[in-house]
Amino acid sequence: MSPIDTRLKSLDVVLPDVMPPVVDGYVSAFAPFVRSGDHIYLSGRLGKEDGKLLCGKVGDEIILDRAKLAARSVAIELLAVLKVAVGDLDRVRRIVKLLVMVNGAPHFTEPHKVADGASEFLVQVFGERGIHARSSCCVAQLPFGVCVEADMIAEVAPIAQK
Amino acid sequence: MSPIDTRLKSLDVVLPDVMPPVVDGYVSAFAPFVRSGDHIYLSGRLGKEDGKLLCGKVGDEIILDRAKLAARSVAIELLAVLKVAVGDLDRVRRIVKLLVMVNGAPHFTEPHKVADGASEFLVQVFGERGIHARSSCCVAQLPFGVCVEADMIAEVAPIAQK
Amino acid sequence: MSPIDTRLKSLDVVLPDVMPPVVDGYVSAFAPFVRSGDHIYLSGRLGKEDGKLLCGKVGDEIILDRAKLAARSVAIELLAVLKVAVGDLDRVRRIVKLLVMVNGAPHFTEPHKVADGASEFLVQVFGERGIHARSSCCVAQLPFGVCVEADMIAEVAPIAQK
């Protein structure tokens, strides 16, 4: 078991199946990820609770703590995609950037606290390599009315030259 | 005629003039694109219909199908900028990432379907190289009240060494 | 004094202290910046007036000119972070990309004019190297209810090989 897999196990995290059979990450009109050089660009993933999309406005139907856990579920899915992209999460050199979009009620001004649910998880898993740049905001709506979405850029080990 | 130009012609797509006389892509206080290494970063472009900005809230004044076509027009403009950036669209190695921002009515929860208008077009034109990572959301407003905006990152062939 | 420091002085701009004592840029659950290759990814910074967060809806409590100055303050903070990242702002090769998120009133459709406050400042400081790609939009809310947030990608000189 690789160090990161061991860490995930110690956190009781099981990476979900995030994709149908895949050709170069293709699904629908876009892909869960694209590799470009030593960077993986990951598509936005949607917040879940008990494996189902968690929909509603944060600060209204959805309280902060639930939204924060949904943001954590987004980070877990992003890692699942990243694992498909590089095979072994120990090949991740750095989580580079996160954009966290929160579906907030009109007066909810704490998207950064929701985003912490994803950020703290990434640091738990990767340690220093998990410390990333981040922006967070509240948007007007998200796909399916979900409460939080985030996308990510990660730097990974170069593909070995043959 | 290059393969991509031929494909565009077969789709009856004419790339618009997107820029005034240009110094290093400069226009206004920012540029339509910046090249950094082998990546082109493209500024957000705004959705149009019949060559004019299509303004209004998607899910209210603007129905989904119209917004999707406006998103397609954004992708066409992005390609026009990309052509200025690299001279020949066959030098595009990969459409890497799209961020699609939809000016949705409060209860419109299908920004991803609007975004498909851009995504599907890119795959039509570039095939596998057009499959990209993507995030989409509904924002509160966009420049001029336009219905959709998107920006893009593309990977292109290295500049030949002399 | 380096050329960029001289330029900042001529503009009467003093870069603020943006960070507590830093380990690899770490603060809270995320970092003000991450270096990846020759790029610095900067976290979103929040608009200020007289050194304090400027909160409220642009086009309502906050008029455009004030928001534009707040966007300029964001650009100043981004430069302060960038200076921590690379030591000397003359090592900045290019401001690559800006994402400007404006906390606008429902009918405010000029996020691009707010964003110009940041963009124009960057060009004043860096000249051609400051011309960047950009997207701007109005979001539903921002951290602490601040009126504007922006993040940035910059290309910097390679780290000298030893």
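Should a chain be cited, it is by its letter among A, B and C, assigned in written order, with residues numbered from 1 in that chain.
Everything that follows uses one rule, which is that contacts are C-beta pairs under 8 Å (C-beta built on N, C-alpha and C of every residue); 3 or more make two chains touch, one makes a residue touch a chain.
Everything numeric here is computed off the predicted structure, so don't read it as measured data.
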| item | value |
| --- | --- |
| Chain contact topology (line, ring, star, complete or other) | complete |
| Shared interface numbering between chain B and chain A [over half = same, under half = different] | different |
| Chain A and chain B, separation of their C-alpha mean positions in angstrom | 25 |
| Per-residue overlap in chain B, given as positions that touch at least 2 other chains | 99, 139-140 |
| Touching residues (chain side chain B, partner chain A) in the complex | 38-39, 94-99, 104, 106-112, 115-116, 119-120, 123, 128, 131-140, 153, 155 |
| Residues of chain B touching chain C in the complex | 24-26, 28-34, 36-37, 41-44, 99, 101, 139-145, 149, 151 |
